[in-house]
Amino acid sequence: MTKKPPALFEKFIYILIAVNVIAMILESHESVHLQYDVVFQIFETISIIIFSGEYLYRIYLGYKNKGLQGVSKYIFSTFGLIDLISILPFYLNRFISIDGRFLRILRLFRLTRIFKLGRESASLKLFVKALSAVRSELKFTLFLSVLMILFSASAIYYLEHDTQPEKFSSITESIWWATISLATVGYGDVYPITVGGKIFASIVSLIGIGIVAIPTGIISASFVEEILKMNRKQKD
Amino acid sequence: MTKKPPALFEKFIYILIAVNVIAMILESHESVHLQYDVVFQIFETISIIIFSGEYLYRIYLGYKNKGLQGVSKYIFSTFGLIDLISILPFYLNRFISIDGRFLRILRLFRLTRIFKLGRESASLKLFVKALSAVRSELKFTLFLSVLMILFSASAIYYLEHDTQPEKFSSITESIWWATISLATVGYGDVYPITVGGKIFASIVSLIGIGIVAIPTGIISASFVEEILKMNRKQKD
Amino acid sequence: MTKKPPALFEKFIYILIAVNVIAMILESHESVHLQYDVVFQIFETISIIIFSGEYLYRIYLGYKNKGLQGVSKYIFSTFGLIDLISILPFYLNRFISIDGRFLRILRLFRLTRIFKLGRESASLKLFVKALSAVRSELKFTLFLSVLMILFSASAIYYLEHDTQPEKFSSITESIWWATISLATVGYGDVYPITVGGKIFASIVSLIGIGIVAIPTGIISASFVEEILKMNRKQKD
Amino acid sequence: MTKKPPALFEKFIYILIAVNVIAMILESHESVHLQYDVVFQIFETISIIIFSGEYLYRIYLGYKNKGLQGVSKYIFSTFGLIDLISILPFYLNRFISIDGRFLRILRLFRLTRIFKLGRESASLKLFVKALSAVRSELKFTLFLSVLMILFSASAIYYLEHDTQPEKFSSITESIWWATISLATVGYGDVYPITVGGKIFASIVSLIGIGIVAIPTGIISASFVEEILKMNRKQKD
């Protein structure tokens, strides 16, 4: 039988993550940050120690279950990587001298802590199953979406660059327009103003949006299919 | 047999709610409000008296059906709570002295009256059935959506805060951007302008929007499944 | 056997409608309108005569098929009403003196001509079948959408009116915000700026958008179901 | 047995296309363009030579497989046309004198190179199968979408033209508003401001958006249906 951490331990870790997320949100408020900086630093250090302990404990559990194979299975699992990534920046910052810019990017990894909350849910397992059932089709439609975005970005660049050289300064810049448009967000910071650009954007809106929305449709349909399958099994 | 209010009574309550909603909309126009203030106050008082009578009547019906158990069943049902919440602010305002700000929030509860219109629909029952069939998966995907929003908000805060300190002043503020973007509304009041922020927002748009849209897809698919099941039953 | 208009006649009417639509689009350009006004008027008169002839012809066909019953069946069918509405403004304008404002609204009815193009398609029949299979659920979810919009509009009015009295001047005005937000269009002409308004709008975005999107999901799913059913039949 | 190009050759072409796309994106940056113009021109010429060779080779393969029939089958296939279109502008530009404006449109065809990446994917074949299973319904719903856009554009033109003569100058201009609104992009560059326009836009948002979203729903559902069918087959 696979050994798992005790339920109480799991609950404690969950609460700690939740408090960590709340702390991160509070800390981002300048006024709060200035007044309670030390509190946040102490809390972060304590959290890191506990999370590090959790990481070692899970490695140990993996070893107990299947020896070295179990260890490497855990380390390279999605949650194993998340567990590592979310504590790594703290240590890197302490032991290696890194410049400020890179540090800020590293801090982003701390955010992955949020996703630790999803672990051990039965729905997550069903969701992963639903995803893997349509894995190759999902890859294909995501690839199609990226192609569609690249194509739209390039075309709008040629059509709008002369009239709006600042907003469509390069294809790279136009990718921003293409993504935000095909995802139907449409902030309104960039949009075509030439007749050609408008006609192209209209056609692309009708076709491209459909293509970009397909992956979501596939995931939903596959998920519901798995739910129905499970329900049928439970009945039998 | 479960006793229900007579059909005529139900109809009368329905019409009264509809007139209440119209009155609320009309009252919000300053010119109308100034001229007919007394009329609206009298109408509100009469409405409250009738709705209070309805509430007591439904409690009485619950008692007739299953004694005290029936009473508590009604009181703690969704519509029982809505029935109470929609009349409560009136009484709280009369009998307890409360300050203006809290009163305004209380007035919001009056709005729940709108949802009383949905009672007793066969489709509502089917809809609730469809929702409860995918209950745990719905909770999971909504939880995933909230995680996605928190993660996006935190990341964009780190990426954009220095360049747009006013628009992305804290993670709390950034949650507004994340929700409006991942729900694909995109008002255009806040959007990333740095290269890092744009790249992150593009990727998040493609993945995050899909995740936020999954609950809707699941509800629709589950609803249609229940409709088909019911149609098949009616055929047999 | 039900008598239908000859195929050539149908084709001619189709082309005439298409030309009518193109003419309407061209006429809307001021420069074109000023230069070719007479041409458009003559074309409109000829079109009306032919469409009137078509209307009488279809009434006659109805009579031939099932007597007076067939006539009333045609007249009160969707396309029968569209056929009438699209020619009516012309005659009303000629024979009754109407003021300019009402006339402009009447001209809008001329647009229904566009929908005459959909007649006689096998897919339309399947689509209507798919719609009627989920009729009552569709009504319910549309009703739910309207409730959601009314509720959101009222709540945002109470939350934002004091801060933005011009943009959220009344609940009627706020309905515009609610519809455009819940339909995820988000022009960006109105949006909440208070903390309360933003929190409410965020929550409403996640829940309300899902509700407003359900009717579409139901229609799509029901349509595909009908397509699959038809394909299975064709195989047997 | 149908002869196919060797796997290594396919891989080489794939990498070349990917490098071409990257080159196109880089070239669009003014600073890069100015400094490395010659490099890009040489790379383009080499690419064209290889793609031309690929085109001839595929014609030869078609001939080997089924004689002249195989040749015409390849030439008029989707990818055959893409292969041709993506190299044509280069030759037209060399051998025929064409003016600058037409040349820029021709350059757009170069972009079709992106879609060459999709060839030979098993998912693509399944996707095409899913599309063709709902072909006629897809055509119908796309046609319905176009009707809806034309109708909305015409109606908003009559409602908003007098108040915003610049933004809704003609129905052609209003089509831009209608497409961007019904596709739920909503840049916010044009939107109704009259009461009539807002009421119409609200109603159209609720109904029209549903209609425009149906094709996507159909494609997703059909795709998932094909995936499930294939999975069942693989099990048997």
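Note that the chains take the letters A, B, C and D in the order they are written out, and that residue 1 is the start of every chain.
Definition applied: a contact is a pair of C-beta atoms (placed from the backbone, for glycine too) under 8 Å apart; a residue touches a chain by one contact, two chains touch by 3 or more.
Predicted model only: the values in this text are computed from it and were never measured.
Visitor: Which is it for copies subunit A and subunit B: same residues on both faces, with over half shared, or different residues?
Guide: Different; most numbers are used by only one of subunit A and subunit B.
Visitor: Measuring between Cα centroids, what's the chain most distant from subunit C?
Guide: Of all chains, A has its centre farthest from that of subunit C.
Visitor: C-D versus B-D: which has more C-beta pairs touching?
Guide: Per the contact counts, C-D leads.
Visitor: I'd like the Å distance between the centres of subunit B and subunit D, where a centre is the mean of that chain's Cα atoms.
Guide: For subunit B versus subunit D, the centre distance works out to 40 Å.
Visitor: So what's the Cα centroid distance for subunit C and subunit D, whole Å?
Guide: Going by mean C-alpha positions, subunit C sits 29 Å from subunit D.
Visitor: Could you check subunit B for residues that touch two or more other chains and list them?
Guide: Answer for subunit B, listing residues that touch two or more other chains: 184-188, 213, 216-217, 220-221.
Visitor: In the complex formed with subunit C, which residues of subunit D make contact?
Guide: So the residues of subunit D in touch with subunit C come to 133-134, 136-137, 139-141, 143-144, 147, 150-151, 154-155, 157-159, 161, 169-172, 174, 181, 184-188, 191, 198, 201-202, 205-206, 209-210, 213-214, 216-218, 220-222, 225.
Visitor: Which residues of subunit A touch subunit C in their complex?
Guide: Residues 184, 186-188.
Visitor: Would you tell me which residues of subunit B are touching subunit C in their complex?
Guide: 21, 24-25, 28-30, 104, 107-108, 111, 114-115, 117-118, 121-124, 126-127, 142, 145, 175-176, 179-180, 183-189, 212-213, 215-217, 219-221, 223-224, 227-228, 231
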